[in-house]
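First, the structure itself, so that you have it in front of you.
We just call them A, B, C, D and E in the order they show up, numbering each chain from 1.
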Amino acid sequence: MRTDEILSYYTSDCPATIGKLEWMLNQGKLGGTGKMIILPVDQGFEHGPARSFAANPPAYDPEYHVKLALDAGLNAYAAPLGFIEAVARDYCAKIPLILKANSHDVLMGEDNPVPAMTASVDHAIRLGCAAIGYTVYPGSAFRVDMYEQLNELADEAKAAGLAVVVWSYPRGQDLSKEGETAIDVGAYAAQIGCQLGAHIVKVKLPGPNIEQDKARKVYEEQKVKIDTIADRVRHVIQSAFDGKRIIIFSGGSKIPKEQVLEQVRGIRDGGGFGSIIGRNVFQRPREEAIALLDELIEIYKGG
Amino acid sequence: MRTDEILSYYTSDCPATIGKLEWMLNQGKLGGTGKMIILPVDQGFEHGPARSFAANPPAYDPEYHVKLALDAGLNAYAAPLGFIEAVARDYCAKIPLILKANSHDVLMGEDNPVPAMTASVDHAIRLGCAAIGYTVYPGSAFRVDMYEQLNELADEAKAAGLAVVVWSYPRGQDLSKEGETAIDVGAYAAQIGCQLGAHIVKVKLPGPNIEQDKARKVYEEQKVKIDTIADRVRHVIQSAFDGKRIIIFSGGSKIPKEQVLEQVRGIRDGGGFGSIIGRNVFQRPREEAIALLDELIEIYKGG
Amino acid sequence: MRTDEILSYYTSDCPATIGKLEWMLNQGKLGGTGKMIILPVDQGFEHGPARSFAANPPAYDPEYHVKLALDAGLNAYAAPLGFIEAVARDYCAKIPLILKANSHDVLMGEDNPVPAMTASVDHAIRLGCAAIGYTVYPGSAFRVDMYEQLNELADEAKAAGLAVVVWSYPRGQDLSKEGETAIDVGAYAAQIGCQLGAHIVKVKLPGPNIEQDKARKVYEEQKVKIDTIADRVRHVIQSAFDGKRIIIFSGGSKIPKEQVLEQVRGIRDGGGFGSIIGRNVFQRPREEAIALLDELIEIYKGG
Amino acid sequence: MRTDEILSYYTSDCPATIGKLEWMLNQGKLGGTGKMIILPVDQGFEHGPARSFAANPPAYDPEYHVKLALDAGLNAYAAPLGFIEAVARDYCAKIPLILKANSHDVLMGEDNPVPAMTASVDHAIRLGCAAIGYTVYPGSAFRVDMYEQLNELADEAKAAGLAVVVWSYPRGQDLSKEGETAIDVGAYAAQIGCQLGAHIVKVKLPGPNIEQDKARKVYEEQKVKIDTIADRVRHVIQSAFDGKRIIIFSGGSKIPKEQVLEQVRGIRDGGGFGSIIGRNVFQRPREEAIALLDELIEIYKGG
Amino acid sequence: MRTDEILSYYTSDCPATIGKLEWMLNQGKLGGTGKMIILPVDQGFEHGPARSFAANPPAYDPEYHVKLALDAGLNAYAAPLGFIEAVARDYCAKIPLILKANSHDVLMGEDNPVPAMTASVDHAIRLGCAAIGYTVYPGSAFRVDMYEQLNELADEAKAAGLAVVVWSYPRGQDLSKEGETAIDVGAYAAQIGCQLGAHIVKVKLPGPNIEQDKARKVYEEQKVKIDTIADRVRHVIQSAFDGKRIIIFSGGSKIPKEQVLEQVRGIRDGGGFGSIIGRNVFQRPREEAIALLDELIEIYKGG
């Protein structure tokens, strides 16, 4: 089974942590395929409640999301402390919960983002979560604080038998807006997440542009293929320990359905491990969202 | 009973914490209605003693306030360390005490407020308090420090069987003065307080203005109703886990009685959980204050 | 006895701490009157040795001061670590020692003063001290650090059965030089010290000026009396929990004897709890200092 | 045996730490000679994956490197957390692993580099590592943080029976680009690494230039010989406790084979303890890399 | 015996700490006289290896110095972690070792020096040291960090039965270069070291200039004698608890022998407790250094 192959890459973890990864890989309709779809709902904190949920008001209710993830047969559900506290007792045994340990809001603008630690490993243990989630912003002037916070958090989480999921989102004073999703930067973000000890790394789907001059030189000299979505996914996967770490790709803001499908086909073709998809799910009405997720699941099953 | 319904939303807390919330909801003349009025007296620290108490000199005495809260049949009394230490032995069993764990003064001006931790969970335990109170200023350049301090404090408080009350007051370099009470910002403040794990969140009563452009777009597109006080309270309650967290509204500086009554009717009609009202109480003579509180209680009872 | 009445205000402290306060109130010639005179000698650190002691060279010797405090029948002696370490073994059972836990020097100028933690509760316990002393500078850009340091220190001290004495000296970028001793600022400083959990607060004797506009409005509207020294002392005492906390007043730099006597009469008439008086004592020859202290004691006894 | 002589310089370490140093000195083809070649692969984190591995794609796989180090008969393998976690179970008993405890990336430019702590002594213990590696940047405005972090890390590592390897790379606002490898600066870097308690210090091979005026005066007055590579290596070794600490030299970016050989001959002739060589190894195809390493080993054996 | 008289000033220390002071006072040729000469060798870290040792190359070897201190009959040897680790096993029972707990280098220029903590009390215990050494820079913008670090370190050291030696070197943005050794500043530095709880304070030999205006006024009014070296030493000793703390004077950079002798005669005549003398010793050939030290010892014996 593909699950066993993937788990075989994680040779330094304790049985309890491997068990959590196994649960996530085997949960839901993609169970056993080695592919994952995770529903993350941290936008209430990250962007504000109306911007996140007004388009589909039932989504104001924290139970709405975890139930949707369960009913749609997804692999896991990720959210900040408040949302997890609201549902943990009823759902922690039914679907793997990922507690987002840090959060960020947009009531202040900034060039160098810095999230706050808003939950702990103790919270995750008490709430029956399968994993801790943590966002790093490589490129931010505050990256050192984030890496060190994650280092301690991950050490503690692994000792408690939890899995560690890292959101690796380059942003900061020396990166252009387009550079945040450049292929060199995205591959670097995946590498950094893996070197920091994450079991699962979430990156943005990168574009064909290259941000850093020293990197461009190498991409050109070595003729690294980055033309199609699948090429770029393949390069990111290679950059993340040559396929030996689970890398999943995020969807970003709500886009037309056909575009979502195209992205997911590219992730599948490039050997990506799956999607972490939020706004494209919960900003659609429930039935439409479930139908879309069913199509994505079928694409990944065909991978 | 409405109390049980509200408590049913807090599924992840230990019995001792639920017991503290139950005590607060069942204390005083509003006991069992699911509505609350809390008396907060931190203005001596926040604005200075003469500005707070010279209008009603008996209010210089720390015992004045807790006795007023008890005699008027309110649900709880909140104050900083010194005021609580002065009355805890005599009152901690008679009315729920909320220890304000951080404080701020105005002897230095600043664009980005930063409060200081001035009491701990150990203090609250020793002083027989029912809850810890903590102020966050979303939008401040120091918000990360506050969120992280609250995260640790709340974790510790919950482990000690205490409830957590968060004052969520947006303020900071990128927010206009009016923006601090804009509807988008107020709803966001409520969401942040809940995501940070608070049991009760206190926000300012928001106005009909919208501060952030990205939010305005959504409010307009989705036609979110924000015309009346009741509309706005309803939106804030929805933004706070769709009514599954206790949100109370603060009164601000002393205003004419009729205005207070109008605000409270709006809070009631919009489904708010109650008021936290300080200066409008203790800057009036005791008898006048008790009479005003009786009227507010009657309004909420009619809700 | 007045001592018992004063102690009755401290209802939240453990017997050991109450015992320390009782010792301080009952020590020396003012014992039992509810009045106190404390000798503080931290100027060697705060201003330098020659500026402090050259006028009266025997005062270079750390034993000189504690012996003077004992022989003059004062209530307590306060000093930094080095001075206390030099005398604790011989004097800690004879007169209450107050260990100054933070210190500041003037080898660097600054608008926002920041003292350093230079002694701990462990030191105070080991050295047999009755209390910990700590200076806060409300108004300084570093006030948050001070309040938080004091919060932890005070918590630890109370758990160890010690008393907590706070020097509350407003200073900082937004305060004018005169504003540091303005009546609104002085009353605010007393309030802050009490809210931070101090048992005894030391403030400067305030003048009749008002520093902050929002405060001036209230002083004028409410016609707060601040004309004489006694008026101002009365207002400060009221501002400090309406007389339920011990507030003592500092003398400042060396001034003519008659001026000292006038100040002390004002403190007595306004209901102040006493004086903390350093340079006006140790910069006079020993016999002259003892004679002056005798006069002060007589004034307070007549209060 | 030369190993015993070298170990005799480390008189203050516990047997377990000495055992780790002995293992490193006795491992591989140089075992017992007192010379070392270490393979470090932290460039995926430090420069990005494509810049590091695209020239030789099998090198994306973390297992590639440790296997290469083992097969080529090197003394040890050093890498960040992620790479070590990926191979520790299979290789920690076969070749000494050095866990790089701090890391740095280049997604933000800076004059004063500051690495992040990305692994701990607990990680090293759990992963069966022989040593902890740590980079300091003497000259950086953040050097104090690094020295203090290393101080704690080294204390902890020694108590756990691990060895401590320090990368000492001068860089910062007052150093010119050439100054980073000036002979005075390089010798100083070696001294600092040793004074900080490292067992092994890695420095860059210095050039004949002198950076600091006060140092130049001494080099000229005392006629310190710094003309050839061997002269400079000899001076660095002398500067590092007169040969009583293991100093190894790094290779830097990929250079022609002949240049590598010349450098290594200089290191040997000057009495250096060996090389730590990364890009010149893993950016060459495996067979070519092993052949090059064989030549280096022969040079050191002839030393 | 003078040793007993000096020890009688330290009434608050535990027997183990007194024992360490007694050992230092009774060690070597000055044993029992109450005078001390200490050899400090931290210049490798503070100034760089070549600037420190190239003039006398055997001095690159860490063993050179401690052996010299022992053979010359000095009272103690002080050095940073690396140098102490290299010799502790062989010398810790033969001569008191002082572990310098913080260090500073000159690869970056700065107006406000800030040293790094580079060794701990645990290191000192494990290495059999008699004392911890720590440098404070009064006047530096970072002095608060230093005072607080020393406060914790000293508390820990005293609890472990060690002695505490403080280097008190005024430097910072508001002090002129000459002001660093002005008499008012030097006396202040001695006072600060003593107030911070040091057993032994090392200051620079001050000149006849006065740096601060407020101090000048007092020196002139009180006619403090500061004309000769002996006058100034006497004033510093007085400023350090009136002779009740051990104050020793440092030599600074290498100067002609006659000048060294003159300084030491002044220290003796002014009642100083001795010298801490580094570069004037180890930058001379060993035999010349020992001869010079013999002369200094004779001068102090005549004191």
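Rule of thumb we're sticking to: a contact is a pair of C-beta atoms (placed from the backbone, for glycine too) under 8 Å apart; a residue touches a chain by one contact, two chains touch by 3 or more.
Bear in mind that the values here come from a model prediction, so they are computed numbers and not experimental data.
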*When you check each chain against chain A and chain E, which touch both of them?*
D
*Looking at where chain D touches chain E, is over half of the residue numbers used by both copies, so same, or under half, so different?*
different
_Centre distance in Å when chain B and chain D are each reduced to the mean of their C-alpha atoms_ = 57
*Just how far, in Å, is the C-alpha centre of chain C from the one of chain B?*
35
_chain D residues counted as touching two or more neighbouring chains_ = none
*Mapping chain-to-chain touches, which pattern fits: line, ring, star, complete or other?*
ring
_Going round from chain A, first to chain D: chain order_ = A, D, E, C, B
_Of all residues in chain C, those that touch chain B in their complex_ = 9, 11-13, 138-141, 143-148, 151-152, 155, 170, 172-175, 184-185, 187-188, 190-192, 194-198, 212, 214-215, 218-219, 221-222, 224, 235, 238-239, 241-242, 244-245
*Can you check the complex and tell me which residues of chain B touch chain C?*
44-45, 47-51, 54-55, 57, 60-62, 80-90, 103, 105-109, 114-120, 122-123, 126-127
